[in-house]
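Shared between the two complexes below is chain A, which pairs with chain B and chain C, respectively.
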Partner chain A sequence: MTSDREQVRSLDDPEIMVQTPATIYDAIPPLTPRTEREAEFYQLEDGEMFLNLGPQHPSTHGVLRVVMKIDGERIVDVDPVLGYLHRGVEKICEYGDWHHAISNTDPLEYAASMFSEALPVLAAEQLLDLEVPRRADYIRVLAWELNRISSHALFIGWLALDLGGLTPILYGFAERDEIVEMLAALTGQKLLFNYMRIGGVNGDLNHEFLSRLGDWMSRAGEHINGQAKLMNENEIFVNRTKGLGVLDRETALGLGMSGPPLRATGVPYDVRRAHPYSVYPELEFDIPTRSDGDSYARYLLHIEEIKQSLRIIDQVLHKMPDGPVMAKLPRLLRIPPNRAFAAIESPRGQYGVYAVSDGSDQPFRFRIHDPSFFNLQAVGSLSEGQVLADIMAIMASLDPIMGGIDK
Partner chain B sequence: MRRTTDRRSLQHLDERLGDHLVVPAEAMGDTIELVIAPASVPAVMRALREDGDLRYELLADICGVDTGLTMQVVYHLWSPLSPDWVRVIADGLSRDDPRVPSITFLWPGAEWGEREAYDMFGIEFEGNRDLRRIYMPPDYLAFPLRKDFALADDASRGPGEGIRHMETPLPPGEVRANPVIRTSAGAGAVLGPDGELLALGAGSIALPEAPDAAEERA
Partner chain C sequence: MTAASNSQAGLSTAGKIILPLIAIIVVVSVAGTILWVTGVGVSLAEWTLDTGKANIEILRFVAAATGVLLFTIPAAFVIIYMELKIIAQMNLRVGPDRTGPWGALASLMAGLKVLSKEDYTPRGVDVPVFTLAPAVTFLASVLTLLVIPFAPGMIGYEMELGLIYFFAAGSLGVIGLMMAGWSSFNKYSLLGGLRAAAAVISYELPLILGTFGVVLLAGTLNLGQIVENQAGGIWNWYAWQQPLALGIFFIAATAEAGRTPFDYTEADSELVAGFATEYSGMRFGFFFFAEYVNVFILSALTVTLFLGGYHGILDVDPFLSAIGVETPVELSNLDPGSLGPWLLAIPFLVPPILTLAIAALLWMIKTGWGFIKSLLVGFLLANLLVGAIVSIWALLSFEALMGIVWFMGKSFALVGLFVMMRGAYPRVRIDQMMNFAWKWLMPAALLNIFVTAGAIIIVTEYLS
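The block that comes next holds the complex of A and B.
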């Protein structure tokens, strides 16, 4: 395919003829710009230069490559390059049956996989119009909220780490470790749980899980207050996040954002309340919002949300009904031809799925909407005019997970 | 928890956008579905977003769908004024040259969503100023999520079956076999009517050298 392509002179070394551009300098002039935006981006003004960040860079939280146009230390424009983790999950899901989709979507949001694995489950249940046993619904909420706390605890640590503070991530991981051990007692897995099932969950609560949970719940509130105390008034942390990466309401809505970055601009959009699913309407909790829209507001929201999740877990444990944890379903699941959209509030925002069934045992189309994918788009407008070192703080505060972004 | 759509918003949408709808607005569970022609996309989306009594300002999803017969672009919207989702289906794009107007003038964030649909289905969004591939490499030629892009595993369905159409589900009692036969032809391989290989797929791996050729060289 590539053999008959014209060779071009490398810009790095004019003596060399190259077929595939090896460096960013090779890539610019020989390829004619494919779009208006690309032509604009790769046009250098006097004093500007390109800088490549990633794909292997610790602060990109995965394998994200960002091409930056810089003037001195100020960022003029950025062009994120995705696809390094792309495995074609949507296509893979079309080739397995509905149950396979659970383990295929599991690794998407690898810091909180209870959420991404729930997508095929919720979609199939909506298509089948299936009533889930109440106990299963309560166990799901319990698992989701625990996973949300573990993901948020990690986010707080990551944010501080990207700003040069080592201590908070140790506390974040300590918290995450306790929850992960707990969920391992429940599901048998520490990272990719594979716990959700169409019609319920895989296995009832057990003694080890409940005793670990009770033990941790007695200390959790104290832990989160300690974490907040460590960072909320840390002068370096506040100075490097306050007023940085400011988004306003209209921009955030226009970019299709959701989750904490959207709520930090004052939009109280949380799928658990905006479009209730599972047993969330029976539970009392608030949707914290902020109006500043900066990195610091996004950080504060995560602390608030952990507190709300603790509140939910407390209620769930008191209200947990008895009964079965799985609905009766045939092993070979044929879903009548129909289409459905289901969404769930993950730690990063609205995780959606648009599933089309053609009457067979496999999804006909399985579209996954990842919140990080749309949240990451903001990095372009947020980093303009900022210094190079701050792009890490901005990116970390958007909390992207590349597994879901690249699918 | 089962929910049903709000009858009033359904009626309101039907009256407000009636001229553009190909079929009357339909309530499906907790979603209101509007099917429109590709050319009406800018007008319908603008009305949904900007009308004071609709305010569908949150773009919950944008994606492409290949039904096997036509291409669709599907938008999901949410409004703080209504608990229901609105699904807008721009139906009837030709599979040979799918084109639809871009909505980046309303939601700049649709840019990446449209890039993804372009990458996966080859749908051209007119007015998107950055329509290049987003996941696949820039020199990639195929559109992976199209139904005529067969994975190697698809050989199990038999070469004569062709594209699987959404409108013609499997006959009752028939179960599709699990993927067991694999070809080395790679993803996107083109097979002839009798299963012979016409072209290698884009993701194909070069076949290993025949053992006698390797011996000769040694």
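The block that comes next holds the complex of A and C.
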């Protein structure tokens, strides 16, 4: 860092004299350092420079900003800067009633919003001690697993795109497109479904959804095997991801990670089995794990999970009971004062909510536990010493969704 | 500008064309008269002719350089269109389909768009270096085309050290990339430019060493001579004698052109657009074109060195002479004057008779067709027939035309391979890439040279 600052003409307006480093190669801390860590980070050693990745960058998956301290191509240190997508969802949820919370939590996990919108629903049902009709439960599982597959298909494409491959992203989108079309037939929406309701779901299965689903199920296994073959046998892809960003289970557990990044380290933690909810105890499926903990293991785990989800969908379609899809509830829903923690296994890990009710029709506190936020924390320790190109692969393999991280 | 457009506002389209033409003709004739009367024009013309005669080599060089410069633009358009369409097929997309038949004008429109965009120079850049960088990159790659033999006798400038010139001129391109990266006042550009420099140093060596086997076999660095050595069918190509060199050369050429899987210089998921991040308008267009021209040039060099250049897969001359056709068909064999007044029949009688004959045939076969429709289709088919006959005659008569068809066909097939690789592979990490260049390609290239040299010594010294 240059110590003596002199008055130079601003690059934005030559009329103005500013006290700032004249070249981009000087360090420009954003503000006066707020923490010790920040003060240490914004000190440059000889030969190092800062590279500002984001918030507008092609491969940060939204508006994540990562300030990197690099020495040539090697990354010395990273400082992720969050908050560019902060909307105050938790607070907004406290100002609407419980039903509004469904559409407010919807965009949190925008690649798989069937999961985030289930949070207020599950919390409210737990607080009310409400019995959901069995058919509604089965439809929910069906919708969740379909959405999980669409999200995982996108993950595989994103990972390849961040490694420079152009084709897999479109294969992933072709798969996602079919699922999204059928969910649109079910819910009326392609992205933010707003389908879950306290006490059931909004609308029964319809003919168009079922015909699309049957059509897609007949070739889904073949599709996913084709995509896996395209990438598993690609020498460059395997060499890029194998041994990259290796997490051990202590670190992963210590950071509070969950979902595929945690299971890739060998911890078989899945909320569907660990703390069962809905009708998952009645269904047969495995929790695939890997012991390597690297990006390749995370990628393989996603492929395995898609296969397990297909298995679940198959069972759900065979076991689907008849009956209503909504429980009988009063129109103005007052929830007795209590507190509850509801968790759900989203494609990115444990999506949880700690909800407190004060007896009114609004949540008193609505604290959201987002798995992407915890998974993203691993970027710092994983990217040190890696080359610049690998931070993208690491970030993509952790699969963060900024909507949930910034809330 | 506004006055000119106001004065033209009331004119019809034809008037808008004719009025300026009249003005230009008047100005040109007045100037010509003055030059002629004063005698300046005559001496100027004499001086031009004399200088031209004295410096015929320089004139030829300038003409050839202009020729390759003009050739590269449509070639780049074709490659860009190929890239859009082939990758679209691989991605299960349709690709461009709006402008032109099957979207064939999409790349032309992209070129026009680039021309019409603002040529923006950001504050803080090193202006002269920033401005010159695209020209350096583009010219360096275009000038290498000078020594590529497109067809027998169709070579921009026949040099004894053609291959050396090719690599010397081609390596200048990276200076342009480094200039762009350094002057752009952007860290992403800087990293892109430095990556380009690092990669060129690593991959230039196996690229050049890979060609040494061919040079040893051919005994010359003259590219025209290397192609001539491969005449006489597919089994005479150097690809069979130098398969390892072909592999090394192709991989190194991919890196040299900055194509996937070695497109680290403008890795869009890492460096936004690499060295070209701060460029816009036609300056960006030059980088864009230079990339595609580079792809074509390296394909052309691969074809020239390993795949027989402008020679066909089969040597057709023996077959043609067996059935009584001598190639090239001598133009002097056909004397139109000997036809006498029947010469008039060729332009005036043959087309209508041919049209009518085909139309009548169509009218009889196709029951649903009216007379006018048959006539129109007949006219079209007659023209196509005549065109085909003329084309075949031209192909047989002019060796150069046949050569260029083969050369372009082979080069664009290789370009298609480059494009398909972009659709199929992710990017190689920079350290893996360096490892590959120094630990695998370099030793393989050296091994190839030793084996080739040893084989030549054994064949020439002991077996003959």
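Note that the second predicted complex is superposed on the first by the 375 of 407 C-alpha atoms of A that agree within 3 Å, B and C clash if a C-alpha of one lies under 4 Å from a C-alpha of the other, contacts with A are read in each partner's own complex, and residues count from 1 in each chain.
In this text, a residue touches a chain if its C-beta (ideal position, glycine included) is under 8 Å from a C-beta of that chain, and two chains touch if they have at least 3 such contacts.
Everything numeric in this text was worked out from a predicted model, so none of it was measured.
Contacts of A:126 after superposition: chain B is touched, whereas chain C is not reached. By the touch criterion defined above, A:160 lies against chain C but remains apart from chain B after alignment on the C-alpha atoms of chain A.
When the shared chain is aligned, chain B comes close enough to touch A:337, but chain C does not.
Once the two complexes are laid over each other on the shared chain, residue contacts for A:174 go to chain C alone; chain B is not touched.
Contacts of A:369 after superposition on the shared chain: chain B is touched, whereas chain C is not. In the superposition on chain A, contact is made by A:234 with chain C only, not with chain B.
In the superposed pair of complexes, A:356 makes contact with chain B only, with no contact to chain C.
In the superposition on chain A, A:390 makes contact with chain C only, not with chain B. Greater residue coverage of chain A by touch, when chain B is weighed against chain C, goes to B. The touching residues of chain A, counted against chain B in their complex, run 1-2, 31, 34-38, 82-83, 86, 88, 90-91, 95, 126, 129, 131, 253-258, 269, 274-279, 281, 332, 337-341, 343, 350, 352, 354, 356, 358-362, 364-365, 367, 369, 373-374, 377, 406-407. Every residue of chain B that touches chain A in the complex is listed here, in rising order: 1-3, 28-31, 57-63, 65-66, 74, 76, 78, 80, 83, 85, 87, 106-113, 120, 129-139, 141, 144-145, 149, 151, 153-154, 164-166, 169-170, 175-176, 179.
Contacts from chain C toward chain A in the complex involve residues 87, 90-93, 123-124, 185-188, 191, 195, 260-261, 263-264, 267-272, 422-432. Looking at the complex, you find that chain A touches chain C at residues 11-12, 24-25, 49-52, 57-59, 73, 160-167, 170-171, 174, 234, 236-237, 239-240, 387-390, 392.
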